[in-house]
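Next, two complexes with chain A in common: one pairs it with chain B, the other with chain C.
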Partner chain A sequence: MRKNVSVGKILDTTITYLILLAVAFVFFFPCLWLILASFSKSGSIYSFDGFFPSQYSTASFVKLFTDTAMYNYPKWFMNTLLIAAGSCALGTFLTILTAYTMSRFNFRMRKPMMKTTMVLGMFPSFMGMTVVYLLMTQFGLINHLGGLILIYASGAPMGYLTQKGFFDTIPRSIDEAAKIDGATNFQIFTRINLPLSKPIIVYTALTSFTWPWSDFILPKLLLKEKNLYTVAVGLMSLDETEFARFAAGSVFIAVPIVILYFCLVKNMVNGIAEGAVKG
Partner chain B sequence: MKKKSIALGMAVCLCVGIFTGCGKDGEGAQTVQSEQGGQNGQDSRETEQPSVVNTVFNGELERDVTIQVLENDTAVSKGYFAELIEAFNEKYAEYGIKAVDANMDQYLDLANDGPYGYGPDVLYQANDIIMQYAEGKHIYPLPVEKMECFAQVPETAWAAYRIDLEGTVYTCGVPVNVQAPMLYYRKDLLPEDWETAWDENGNKIPDMAENWNAMYAWSVRRHGENSSQYGYMKSLFDVYFSSGFLFTYGGYIFGNNNTEPADIGFSAGEAEKGAWVLSQLASTMNEECIDDSITTNAYSKLADGTYFATITTPDMYSTFLEEMILVYEEEGLSKDEARAKAEENLVMTTLPALPESGDLTEEGASFVDTKSMGGVNGYAISAYTKHPNACLAFVEFATSYDMMVRRSELLGIAPARNDAADTAGGTSQLLYNNLEAGNIVLMPSIKEVSQIWTPGETFFIDLAKDAFRPEGEKKYTDLDAMKKGLEGVDQQIYDAIFTLK
Partner chain C sequence: MKEKWNKFISAAHGSSWKVRLSAVVMGGGQFLYGSYGKGILYFLLEAGIIAYMVLRGFRDIQGFFTLGTQKGDPWLGTVGDNSVIMLLMGIFAWIIVAAFFYLYQLNLKDAWHTQKIVESGKRPLSFKEELAQLMDKKFYITVLILPVLGVCVFNVLPIVFMILIAFTNYGGDIVPPELVDWVGAANFEKLIALSQFAPTFFKILGWNLLWAVVSTILNYFLGLGLALLLDKECVKGKALWRAFPILAYAIPGFITLLAFKFMFSYGGPINQMITDAGNMATGFLDLDAKWMARGIGVLVNCWISVPSIMLLATGHLSNRDMSLYEAARIDGAGRWKQFQRLTMPFMLFATTPVLLSQFIGNFNNFGIFYFLRGGLYVDGYFLASDTDLLINWLYNLSIDNNYYCIGAAISLVIFMITSLISLVIYVKSPSYREEDTFQ
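Moving on to the complex of A and B:
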């Protein structure tokens, strides 16, 4: 039987899709332009035929990884990876612990601590840069990748509210049942709540990874040696005639994060679906 | 009780805050302050350095030390720096002194990083940057009279590194090379009949490279014949390159040899004629001359033949050359053939002469040498170094005749040493001569220079825009209007320097 579709419904769907396409174009077009520019054969933005390059080649990417005398992109890439991975692991661990504690335990300063962290979280992170710089000089952590990991990871629990919200949705009755069966708090956390929290752990890990991956201010402040640069700082230090290298570097830096996203997004969706059924 | 506790806590915090300011000053600050040993002002080259300089640089080389040297990117990328430190390390191996690449951004922040021990020991920078550090007491004054290069470097270059602190004159850097705008043009884009029609004095040098009137005429003709091609092209908003046109007709930055910030002279003399020259040149360009588009695209546009000529600093020669080689390779030439052809066709020379009248269309004009803003890059020693004598040995070595000649060969720069400039010949010698003749106005070495850029840029942008405004809306229609515009620039700079002082 043929379903009756009203004109209004068709019009509504068409307009919605047109708007979505327009918005997608606005966001996608700069990325497309940068990707095409990174494959430009001439390597110069001024030799483009109109808006796009006239000839294409992979020379810029080859140069990016082989011509490392002045601009050591592979080294910058590995530094960024190390910082992001370290911050991701430590930051996720600390954030989940903080969120779980705030969600599951009642203690004397819980409410004031929650309020304080919420207010502190409203201040922009760069506000404390001068203090961070002075502290890092005193600890001898300037020009140390570990210093950056420490700062990113220690700052991560400030944004624990999302994770706490997730833990709040897991019924406490499960904890109580486990307690009756003789489980300790640690066992309840590791055996019951953590497996149920896969989506939020994945989400936390992703955000903990992407922030240091793309940050510029902190690495610029704390890393003085060129060999310790992250990709963001390194790309900013390129000479004005190095546009092709800049474009290729900007495109390549997106690759790991895209791979990571596609690997983890499945867990996020599965976890959320799983939670929904159980809930 | 609770209130008392809070009050007590606040009082403690206040005391801590107050006593925070009672700590020791940084090492660098202490060093320079202690150097003001009551010596009288010394302007002459023959006078002795303050005794305290001799105390720091006592000639006793520190042994088994590593010094960090910050060079500029070009020196690193062209391999000169590697040669330099290798030669130095070999010579000083017996003392255990080793120079290494500081591995930092060439635009460092010594004022913030130095006190914490993260700056280089020796740095290579432009004179205005070094002297800003000198004013902040972040670098050591040097015993330059004792250095081998002293007699070979012209007084003008040394003057760029002198500072008068409380009546004592210190020299805080050692000049290495002279930077000033050079004309780049394509020999193969000259008109076919240039030897008969564009070489009035028959000296085998095209008139376009000798005077701005011919350059203007050729620019008008080239653009007229093909609207996508241009003659001379340059971003006019750039104060560094445009202000030289004003200086040629009597303008200056600061009075008393660029040391008196209250006397600002962009409008002095007949500087408005220089502004007129710029507005005439703008009329042969496109609207990209208003911002920095031409500065960034000149390398590829000169290479592909869109532009005939431009001006920039001599250290960019290799960048122009590489771009031209790429174009020739795309046309099917081998790497060697492309390089040979590019070297044949790309010409770098000193700036053409300007007409005395400022009129680029005047026939039979008499010409004057074009002045330009320039700088002297050099070495300085950080006041935070623990090995000043080893650093001085490095600077001495790096400014020796052999190293300066080698630097000039590899980087194409103009040495500040007379003997090295003689050996280098060509444009290096021309630049050196221009410096000695006073045609290169060195960037002031006082901190107030930071206030000249924005007002200057605003005026030059407006002047360049004028060429593209409809006839009735033009702002600078005659010399008087240009004079008033420049006087406005002087006033804005003055206000920027003194309003909040």
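Moving on to the complex of A and C:
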């Protein structure tokens, strides 16, 4: 009987590890494939030996940054960085302010506004794209990186719920104490709550950075010149013969994001969980 | 309602002539009571709105109904009406009208309050003090102006516009300079009966629902299973094992999708292995690869979504009450029973909102088939392929092919389906009823 249990346990552990190995393989293999492909000597996918390149070199990375006549990757990269950084700064600012107000103030329009944002979220995301295009033509912001920043940043406050959940957890008694000491609401926000909310600011900044970083619909619609492409749109225009270039370009923009995620994964998990419960 | 009305009547009787002046000239009462700055501000607002209405507002509202009467003719050199701009300007004019009524009642209330303050012998707040309040008592107004404005211009206005477009014949051949007209519910009739749209619509709707259900269930249970597996006591080096799914989670979606497209392409590695083994290359994502392409879509979607569910489930699993499991073990419950009776109910309770947003996200999952099979049009479908979801069809119709009104009608259908499902689930779920406990 006793032996039986331990055999069962060993079997159980073995199966668990086998499954884990399979899972690790499934998730890691495509990444490995892409990384190795970016170091292949020939660019075309047809010259590969099954999954892996037949010869290795760093030529694709060199080509990515020097051969810019057809595919100007450095320019795409700078465009993407500019858009993402701009939207991140502006979007985080607006989202934090919105979430804070929704959490702390009890005004007449609060509930209606919360309900409205919920209903707005139910509409398909690019339902209004044609109109946004129309508006941008009216404002003269087509083929303009600033226009994209404006759209991303103004859409950001719609996702304030996670942040509101965070502010709900900061006890209000601190606010009241400050109020008795004569602080205005503006001061309470900037002097007390803002310093306390560093983790959520980091989380917000990360999410509002990665969204424009990997979006492809808006840039495709609003940026028609090849020089204004973002990385996402640019990489989409590469075909099978440019596979190594695609892989190199992908690896180059995925690595910083992956590192960021790994540094902040604790933050992310808590952020997601809290936002979900308090939604 | 009646109470409010009575209150209004008594307030109207008790108001002085100065307040009544405010009903005609906005800000008049405030000005006479000594709030000069605010009085002038209200007056300027009223003057500005009236000037706008006279100069173009009335014409814009008229244009909203007619959507243009004069067709442009390049030969005669007449500049015609642009129906789309007229509709946009018409919506804008309605917003101004609504804003006016809001300001008007605000003005009356404010004048009445000023009267009360003066009657009680106090001095009304000066303009400077009112501004200072925007940093304190009314801080929320200052803060929310920008976000609300942004959301209104780039989210609300486009959505309102597209809802209206769903009831016009805008699109196809009828784009400016042609004149657009209101057509009532004709677009919806076209979608569900007798036109080239109807068969495509029902085929896509059916596949879309199947896709959403299958991929949500699959993602959810795979993610939960993975989290439970990693939670087992016998697993050493949890952080390392967890790193692989997180890697997949962190890579931007479009890179993953493009990479999978390359993987399953004709020259891709899988086909190379097939040809090396002496077989014919397979078109995994080709025109005739209906169910194969659908299956690949489901698997790729798993690869992308399972890690996020795993992370989320990990967070929730650590909140479980472990003493319940201890008790269950003593009572002789096996592991399957524990999962069935303890883990599942708890997880379902904690993750209903997530399950819901997963379902809606999958229902509207644009990226998967846009990248894997973008731009394919299959026979028997009108401007769509057999893997396309409603949202892909919406994109094909309204952005690639200018069928704006049909696209808008499909948007509304998608909205109705998603909001109906959410409403039902939200109202029934316990986590919704207890939403306010944390507020």
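Here is the rule we go by: the second predicted complex is superposed on the first by the 230 of 279 C-alpha atoms of A that agree within 3 Å, B and C clash if a C-alpha of one lies under 4 Å from a C-alpha of the other, contacts with A are read in each partner's own complex, and residues count from 1 in each chain.
The working rule: contacts are C-beta pairs under 8 Å (C-beta built on N, C-alpha and C of every residue); 3 or more make two chains touch, one makes a residue touch a chain.
Please read all numbers here as calculations on a predicted model, not as lab measurements.
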Quick check on the superposed pair: does A:I142 touch chain B, chain C, both, or neither? Answer first, second, both or neither. first
Is A:M70 in contact with chain B, with chain C, with both, or with neither (first, second, both, neither)? first
Thinking of the overlay built on chain A, is A:M158 touched by chain B (first), by chain C (second), by both, or by neither? second
Applying the document's definition of touching, compare chain B and chain C: which contacts more of chain A? C
Is A:S237 contacted by the first partner chain B, the second partner chain C, both or neither? first
Touched partner set for A:L94, first chain B, second chain C, both or neither: second
Name the contact category of A:K224: first (chain B only), second (chain C only), both, or neither. first
Which positions of chain A sit in both the chain B and the chain C interface? 44-46, 240
Chain A - residues contacting chain B, complex: 42-47, 69-70, 137, 142-143, 224-227, 237, 239-241
Could you pull out which chain B residues touch chain A in their complex? 73, 76-77, 103-105, 113, 116, 118, 296-297, 299-301, 304, 319, 323, 326, 330
Sites on chain A touched by chain C in the complex: 9, 12-13, 16-17, 19-20, 23-24, 26-28, 30-31, 33-34, 44-46, 48-52, 94-95, 97-98, 100-101, 105, 107, 113, 117, 119-120, 122-132, 134-135, 138, 150-151, 153-155, 157-158, 165, 168-169, 184-186, 189, 210, 213-214, 216-217, 221, 232, 235-236, 240, 243, 246-247, 250, 253-254, 257-258, 260-262, 265, 268-270, 272-273, 276-279
Within the complex, which stretch of chain C touches chain A? 84, 88, 135-137, 139-140, 142-144, 146-151, 153-159, 161-162, 226, 229-230, 232, 234-235, 241, 243-256, 258-260, 262-263, 265, 267-269, 272-273, 276, 303, 307-308, 311-312, 314-316, 350-351, 353-354, 360, 364, 366, 391, 394-395, 398-399, 404, 407-408, 411, 414-415, 418-419, 422, 431, 435, 438-439
